[in-house]
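Taking it in order: structure first as structure tokens, then the write-up.
A, B, C and D label the chains in the order they appear, each numbered from 1.
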Amino acid sequence: MSRDAAGKSACATVELVVRTIAETAIANETYFCQLDSVVGDGDFGYSLARGFEKVLENFDGFDRSSPGAFLKKVGLMIASRVGGTSGPIWGTAFLRAGSAAGAKTALSGADVVAMLRAAVAGIQARGGASLGDKTLLDALVPAIDRLEADLASGGAEALANAAQVAERAAAETSGMLAKRGRAAYTGERSIGSPDPGAVAIGVIAIRVSAAWRNYSSAKE
Amino acid sequence: MSRDAAGKSACATVELVVRTIAETAIANETYFCQLDSVVGDGDFGYSLARGFEKVLENFDGFDRSSPGAFLKKVGLMIASRVGGTSGPIWGTAFLRAGSAAGAKTALSGADVVAMLRAAVAGIQARGGASLGDKTLLDALVPAIDRLEADLASGGAEALANAAQVAERAAAETSGMLAKRGRAAYTGERSIGSPDPGAVAIGVIAIRVSAAWRNYSSAKE
Amino acid sequence: MRKFVNDPKQFAPEMLKGIALANPAELRYVPEYNLIMRADAPSDRKVSIVQGSGSGHEPAHVMLVGKGMLDAACPGDVFSAPPVDYVYETTKLMKSEKGVLHLVNNYTGDRLAFEMAREMAEADGIRVETLIIDDDVAVKDSNYTVGRRGVAGNFFVMKAVGAAAESGADLEALVALGKRVNSVTRTMGIALSSCTPPAKGSPLFQMAEGEMEVGIGIHGEPGRRRVKQGTANEVVSLLLEAVVTDLPFGSGDRVALMINGLGGTPIGELYLLYGIAHQRLAAQGIQVARSYVGEYCTSLEMAGASLTLVKLDDELMNLLLAPAVIPYRVF
Amino acid sequence: MRKFVNDPKQFAPEMLKGIALANPAELRYVPEYNLIMRADAPSDRKVSIVQGSGSGHEPAHVMLVGKGMLDAACPGDVFSAPPVDYVYETTKLMKSEKGVLHLVNNYTGDRLAFEMAREMAEADGIRVETLIIDDDVAVKDSNYTVGRRGVAGNFFVMKAVGAAAESGADLEALVALGKRVNSVTRTMGIALSSCTPPAKGSPLFQMAEGEMEVGIGIHGEPGRRRVKQGTANEVVSLLLEAVVTDLPFGSGDRVALMINGLGGTPIGELYLLYGIAHQRLAAQGIQVARSYVGEYCTSLEMAGASLTLVKLDDELMNLLLAPAVIPYRVF
């Protein structure tokens, strides 16, 4: 599964997650663009796909000394080389998650939750959005909450539950009035369609959870 | 019928003809534009309608000392105040017909044929087109030939026959390759649709012939 | 009809009024003859340059009136040559000791109007000469047809004779210059959509996405043929091939290259085409010494572009670079 | 897709290459960062002016690089803010003793990219200041939202700070000037069609003929509301009402009036709108002292227009009239 010659297990897991996110983003380019066309400018899927293409192109060269180091390289690549709002936002998320992991070579469930919380804080610091502003945060934050609450049930189970929450929360952004991003310019017209970033979080969470289940059952 | 207070009969007849032409041109604006859209620039009906609107607006003020003088005023108005190819071409036709009528106050069938021949010569002098170049001449000339040949049958009969010839000849321009006007730029693509100017001659001739029949039977 | 318009029949006059209001110090508008003229024209020390043609080709010609280019323009309705009266009255207003030069794009209606107006003006004792512009290689020329159209290349004739007139050239010299410019100028156009004259209210022809009209003019009349839409590279090949082989242009030539938008194509695409054409020409040893990318002669909101090449010499280059003060500007 | 394009993903780079080829003496193109820069920049005697933003708004901003306006522009893909790297590398290349001024239209993506790049450049010891442009009155401003967009009015900020920088103004003065210009500039736009990003290949939204989007931005995002298409008179009323009451502008004011085409609307229609707006303003005692009619900030081939008013004073007027040598030009 992992191309990591060093075979570090936490690193391999993180690689799997990043690769799954990347492949999901690329596979859904058109769908995500379509979502962004409703009250946005239609480039969300394009930006995300071009960004994760760059990540995959440079995948083998990224620092693998620790999961944190690896994530920081991924984040730097996205933050610096991808345009639109999504480049800096997603890049910052990966960067902050990596920083939160520090030099650890093994990651517990609690570590993962802490990393995701750091990502959220980074997104908020960058873009100034609050929960309820109709952004990807509105899918990401409830999913992390659920992940944390279910950690005791085991990683695969907790992830699956969190992914379902993300998907549902993404759909529920339909009812919200956008206060951030281009969708906000349309005012009341932003109500009635889901936020593209939130939907992407839902779709990606489902794919990551499935990949994780495969991977961990294969390991067992 | 005529608004000519002086009540000169030849002048009244010419007035009737001009008024019928004008009303027909205005009523067919959209149709003539449509025809000119196929391989032209779509303004033929517009130019003709605007031109004859001007003629009707100024109708009562035109010199009525003789049919020839009246026609020259009509022609001058069209030639000088209407744009496109049609302004100069149709204006010249009326001007030359008026000149050919000279100061005559009564017009025989032969006079009318001579006036029409003069109009044709004027159009050719202005635009340089020959018979077969796919212009209004290809409806006008055969119709005049027929009018001349049928003069003995009486005015109404001769006009009706000539109008039918004009209509048929107009339809037959479909098979021709345009050598004049904008249609010529499309080369072979000009084959397959009739020339707008020729169709207009056909439509107008039919209306004039009908108006004439009404008018002359009312006089009798 | 996706247009900003009030009464469609008043489209041209309302536009002209806007041009005049935007340039109150430089221009005058005479509504009776759809006339836009330099406020300081005519002058007996300068030949007056007059251009007519239909509306719908803006910035040509009404936005090119000003010091260094036209002294007056008297357009007809959209796509219709101006009435003779407009041209005649304009010519009289522009009367100069040094004469009046009529610039006429080679269309039947325009030629007739200018010919008749010239006869009338000459009868009034005004010296008039006529320059026919016919740069469009899409039309096969012959003695038995109306000949080539005048399209975007007319910009170069206007600019050159405008600059020369400003520095005092006389009528004969301007005619010779204009003929020379016209003789080294070639244009070919391509369209990706039709266009809608305001008074008609619907497109002149139907065109599905994925098609293109090759050899299009500037009046919404269809081109020579319709083909499958090509890539930008293919479009440039097609345009260049037609233009380069016609004069022909060859290795060692210095040229001006114009990519003219037909109205609905944004300038970003025009520069994309420009880049390809520039490189192709360089590969053939033809040096692009001056570029013109933007809208110069349009066909309302038609999506499409034309490519013009002008063979340059030093005199012509200087005339093209000379200043001009016209409504069509950036600042 | 009625577009001249090769690989849609290469749209921006191929366009930029065209711009550079058309202006070999004046500009340099650095493909790594989508960068168009003055060949003679940076200079330590002059603040460097850098603008970014997405592509698809041409002539903004890449065709406005040159003496008297921008020193460099580093656009992102169509409608996407540039990546941080582009801005960072551009800022480093434009490093000047007098500092670097970032002009940023107020969009989240652009702000983020320029903010991060500025942090990185400052860490390298480069002085950077940022000017946020937000002239669009269609967006209701509030502390809880992203605030107004920067649209066509950005031209005036670029022109003014560009001219002032050319005559040696320092960074603080330029920031103050730019803020002042932005504070007296208001824009409102309207669209009659959607537009198609090359990589998407289909229109961003559907719009039937006879409808218009009011309060449109420049990224193909829908506007505030959709209404029945009005006459040109009605359109001008709507745009003027929104703009005039916002600052507000009032009797006795001297203004610059811009009618900006969004890409697919021909310049004839823009002048028609201009004429109506000019007369309406005059009737309100607002004097139009300078006109701008054409394309300044577009949304690909969208049919539509925006109206911008700038309250003028003598200093600003002189800066607007100062010469500039940029790719977007007529000759």
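One rule holds in what follows: contacts are C-beta pairs under 8 Å (C-beta built on N, C-alpha and C of every residue); 3 or more make two chains touch, one makes a residue touch a chain.
What you are looking at is a predicted structure, and each value in this text was computed from that prediction instead of being measured.
S.K.: Indicate the lowest number of steps between subunit B and subunit D, counting one step per move to a touching chain.
M.R.: Minimum number of steps from subunit B to subunit D: 2.
S.K.: Distance from the CA centroid of subunit C to that of subunit D, rounded to the nearest Å?
M.R.: 29
S.K.: Subunit B to subunit C: how many Å between their CA centres?
M.R.: Each chain reduced to its C-alpha mean, subunit B and subunit C end up 33 Å apart.
S.K.: Between subunit A and subunit B, what's the gap in Å when you average each chain's C-alpha atoms?
M.R.: Between these chains, centre-to-centre, one finds 76 Å.
S.K.: With centres defined as the mean C-alpha position, give me the subunit A-subunit C separation in Å.
M.R.: The separation of the two C-alpha centroids amounts to 55 Å.
S.K.: Two-or-more-chain contact residues of subunit A, please, as numbers and ranges.
M.R.: Nothing qualifies.
S.K.: So which bits of subunit D are touching at least two other chains?
M.R.: Answer for subunit D, listing residues that touch two or more other chains: there are none.
S.K.: Take each protein chain as a node, join two nodes whenever their chains touch, and name the resulting shape: line, ring, star, complete or other.
M.R.: line
S.K.: Hey, which chains are touching each other here?
M.R.: A-D, B-C, C-D
S.K.: Quick check on the complex: what are the subunit D residues that touch subunit C?
M.R.: For subunit D paired with subunit C, touching residues are 1-6, 11, 14-23, 55-56, 58-59, 63, 159, 192-193, 209, 229, 231-233, 235, 263-276, 278-279, 288, 291-295, 298, 300-301, 303, 305, 320-321, 323-324, 326-331.
S.K.: Sort out for me which residues of subunit A touch subunit D in the complex.
M.R.: 33, 37-43, 46-47, 50, 79-89, 91, 126-127, 179-187, 189
S.K.: For the complex, which residues does subunit C have touching subunit B?
M.R.: For this pair, the touching residues of subunit C are 9, 54, 76-86, 88, 107-109, 112-113, 116, 138-140, 144-146, 149, 197, 199-200, 204-205, 217, 219-225.
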